[in-house]
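There are two complexes below, and they share chain A, which is joined by chain B in the first and by chain C in the second.
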Partner chain A sequence: MDKAISFNQVTHTYQANTPYAQNALDNISLEIPTNSFTAIIGHTGSGKSTLVQHINALLKPTQGSVTVYNRSITPTTTNKNLKELRRHVGMVFQFPEKQLFEETVIKDIMFGPKNYGMVDAEAEQAAIEAMKLVGLDKSLSEKSPFDLSGGQMRRVAIAGVLAMKPEVLILDEPTAGLDPRGHKEIMDLASYLHDHDHITIILVTHQMDDVVNYASEVVVMDKGKIVQTGTPAEVFADPKWVYRMQLNLPTSAEFAQQLIDAGVPIGQLPLTIDQLADRITELARKGENPDD
Partner chain B sequence: MTNFLFGRYLPGNSWIHQMSPQSKLLLSFYFVIVIFFANNLVSYGVLALLIIVVILLSGVSITFFLKGIRPLIWLIIFTVGLQILFSSGGTILWQWGPFSITNLSLINGGFIFIRFLLIIMISTVLTLTTTPLAIADGVQTILKPLKRVHFPVDTLALMLSIALRFVPTLMDEMETILNAQRSRGVDFGSGSLTHRVKAAVPLLVPLFTGAINHAENLSTAMEARGFTDSEHRSKYRIYRWQLKDTLSWIVFLVAGGLVLYLRK
Partner chain C sequence: MKDIIQVKNISFNYSGQPLLFDGLSLDVHEGEWLALIGQNGSGKSTLARLIDGLNVLKKGQIFVDGLLVSDQNVFDIRNKIGMVFQNPEDQFVGATVEDDVAFGLENRQIDREKMHQLVKTSLENVNMWEFRDRIPANLSGGQKQRVAIAGIVALSPKIIILDEATSMLDPQGRQDILDLVRQLKEKNHLTVISITHDIDEAASADRVIVINKGQKIDEDIPGKIFSNTEQLARIGLDAPYTAQLIAALKRRHFDLDKEYLDREGLIAWIKQLVSTK
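Right, the complex of A and B next:
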């Protein structure tokens, strides 16, 4: 598979050469394949947000280099010409509704596309499509974004990023503070963009259920280092290690773990709710016909 | 932005850190007044020496300190430039329309430069070694006599400490919004003036919205925790006048006397 993004021995120090200096990333090397759905997990302060901000050059490495679609970002990269790179990498920040500022919803969504050189008609078309994608009704387009509910504001902000038609979409805890339904809708949207539009998705999250339900690759971070990469099944294979990283197991795995502790022979740890259900029906069937 | 030092606090346990905030505040005011009495190289020299001793005593490294105040140099140069171009008197060295440079205006410009530098240095030392809350407390102590004339000293101190408390919060928020708009293709800090002013709108609107939200949440939180008025608040830390304060005042008063003696 192609590499969309690669980190080559990247170290990032906040406020280098001052008494406030702090190492946020420590000699990181990482490759994210094109069209993957990568989840980045790790406890608070492990460097996840710092890592993803390197991908669209909001932060530059203190040492090492980051390559995004053959463009490399090094400590000496100047601030010019970064716009072209940022166009390819859409970034949805934590609580993105904070970035809304325009008078109307449609204008706010058109803001990004216009900055990247689309003419008004094109930008409007992109905005209308993006609104449809995130599930915002057309009737809202002339409303002020500040009159909407929190969940709707979040969708407007996400639409504003999608309208730029990025090839890589970074979602930094996109569902924080949403109700369960809003949560599922946003995650399903990410999944749709990945499957249907072949966008490379990078998801920073604390929700282990989302990791197993949506992601194809997982990167685990701890103290500014990458401590594990692999598929969800590989990463969650050792529950003790997962807890040591101050992380949780997905709900289904946790449930299964409790069954195992109670003496039920579940076998390999199921990760999703479907796997868990299958395992249990299998066991139940065995219980009915012990001779099988 | 991250290198900007003015108005930030650096934790420490130096001589200056340990002084009481009210005396640090008053000493800074006093120092600024003395600066305006100095009018020749020797008297400025005394003050420069004093400020270097103060910086050394504060435990902040000098190179770090100088780097931190570097962003302010442009403001100073601008003011000094105006002073040089528009003041009159002395021998004219260069003239163009209303602008002229004379030998006196050059000397004055030089002194204003030093003055600015000294003022910025003393106030940076003050904020580097004193937490915002301690500064608010110091102001409250200093203004206490005004209570006699029913001036709302406590409310003012509370307002001040709340304002100072939210500076880092709003700075963080600004950083996030800057980044969010940058990734939406805004080019901050480049292009023509109109372009730059336009680029400020997507930054300022969310910033103000956020600030107003914070204010509302804070007032709700304060009421929920039983806040009624600022007059009967108790204090967790009480700052008392110490020997260090007395000694510092003696040094500063001697330096002030020296400046008055040495000035032309």
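Right, the complex of A and C next:
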């Protein structure tokens, strides 16, 4: 598989050359394949946000290099060379609705594309498409973004990023503070963009259920290092290790563990509710026909 | 049981907008942990603001610990209520953690010596005394929320309202804050109103009131509320995990006459199900 993004021995030091110098990333090497749905997990302060901010060069490595679609970012890359790269890598920050500022929804969404050189008509077309993509009704386009609900505002902010037609979309805790319906809408949107528009998705999250339900690859960070990469099943295979990393298990795995502790022979930990229900069904059938 | 808050037939709208509440009534019992659940925009937070006298009613009355919420009583009422919001950063005023907790006390002209003692006890209560010299902005989300709670506890309120107070925290941080509030509730005999869309948080409440589009559509113990999975889905809330697993097992043709069990109950049932008959 093609690699969309690679980190080559990247170290990032905050407040370098001061007594407060601190390595937020410590000699990281990582490859993220094209069109993967990669979840980045790790407890608060483990370096997740610092890592993803290197992908669109909001931060530059103190040592090492990052390559995104054959464009290289090194400690000496100048800002002038980054504009093109940033068009390819869309970044949705936590609480992106706080960055809305225009008078109308459509103007807010057009801001990014215009900034990257599209003429008005082109930018408007891109904005209309992006609104459709995130499920915002056309009738909202002339409204003030500040009159919308929280979930809608967030979708306006995401549409503003999608209007630039990025190949990589970074979502940093995109559902924080949303109610369950809003949460599902945003996660389903990420999944749709991945499956339908073949956008490489990088999701920073604390929600392990989203990791097992949506991600194909997982990167686990701890103290500025990558401590594990693999599929969700590989990463959650050892509950003790997961807890040591100050992470949670997905809800079904956690409940399965409680069943095991209560003496139910579940065996290998299921990750989703259907896997757990299947396993219980299997055990119950055995109970009915002990000779099988 | 005494009703510490009585909401009587209230109507309210934000200016230029349609009525959010039109004849809403509900009671909060003294000493209970009440969860108010509903989608974003259902009116839960507005209700909390009305109880605290932050917005003015169009019709109806609200009583807090026997006092009518009105311009005259608003300061007495706010002395009885501590509000913890989603984003504690919006409330910090002090340069250090200690100053921030002292702020509310300074406003109430409490004796200096007594104030120091109160700040210390309050920060110790939330395990943040060792952070007293830190700048609030540099703390983690959970630590910030602890400081906000210390500031509230220092004023010894009778009622604590948690308005989505844990929704920005990671799962561990969320559990820590809820455990902390539960301890404080027992110790100080508080009434807790938790406004939330986290069903698993609501599952541990004494009682649940469901608000949808400004109306109270249900009130009961969590077990009853969560048995009604259709209603939860209709108003855009998740069923609790155990109810989801029960539904998944029923789809696999298991005969279970309940829609909801708590974790212990469901574990016991599954244990029996899989044991050799």
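Following the convention adopted for this analysis, the second predicted complex is superposed on the first by the 290 of 292 C-alpha atoms of A that agree within 3 Å, B and C clash if a C-alpha of one lies under 4 Å from a C-alpha of the other, contacts with A are read in each partner's own complex, and residues count from 1 in each chain.
Keep in mind that, in the parts below, a residue touches a chain if its C-beta (ideal position, glycine included) is under 8 Å from a C-beta of that chain, and two chains touch if they have at least 3 such contacts.
Fair warning: this is a prediction, and the values are worked out from it, not measured in the lab.
In the superposition on chain A, A:43 makes contact with chain C only, while chain B stays out of contact range. Contact with chain C, but none with chain B, is seen for A:284 once the two complexes are overlaid on the shared chain.
Comparing chain C and chain B on the residues of chain A they touch gives the larger count to C. Residue contacts after overlaying the shared chain place A:181 against chain C, while chain B stays out of touching range. In the superposition on chain A, A:58 makes contact with chain B only, while chain C stays out of contact range. Once the two complexes are overlaid on the shared chain, A:83 sits against chain B while remaining clear of chain C. Partner chain A is touched in their complex by these residues of chain B: 2-3, 10, 60-61, 64, 67, 173, 176-177, 179-187, 190, 201-202, 205-206, 209-210. Contact residues on chain A toward chain C in their complex (touch as defined above): 43-45, 149-151, 176-182, 206-207, 246, 248, 251-252, 255, 258-259, 262-265, 273-274, 276-278, 280-281, 283-284, 286-288, 290. Listed in rising order, the residues of chain A touching chain B in the complex are 14-15, 17-19, 53, 56, 58, 79-80, 83, 86-87, 89-91, 93-94, 96, 98-101, 111-112, 115-116, 146, 160-161, 164.
Here chain C touches chain A in the complex through residues 39-41, 86, 140-141, 164, 167-168, 170-173, 197, 199, 236-238, 241-242, 244-245, 248-249, 251-252, 254, 263, 267, 270-271, 273-277, going by the rule given at the top.
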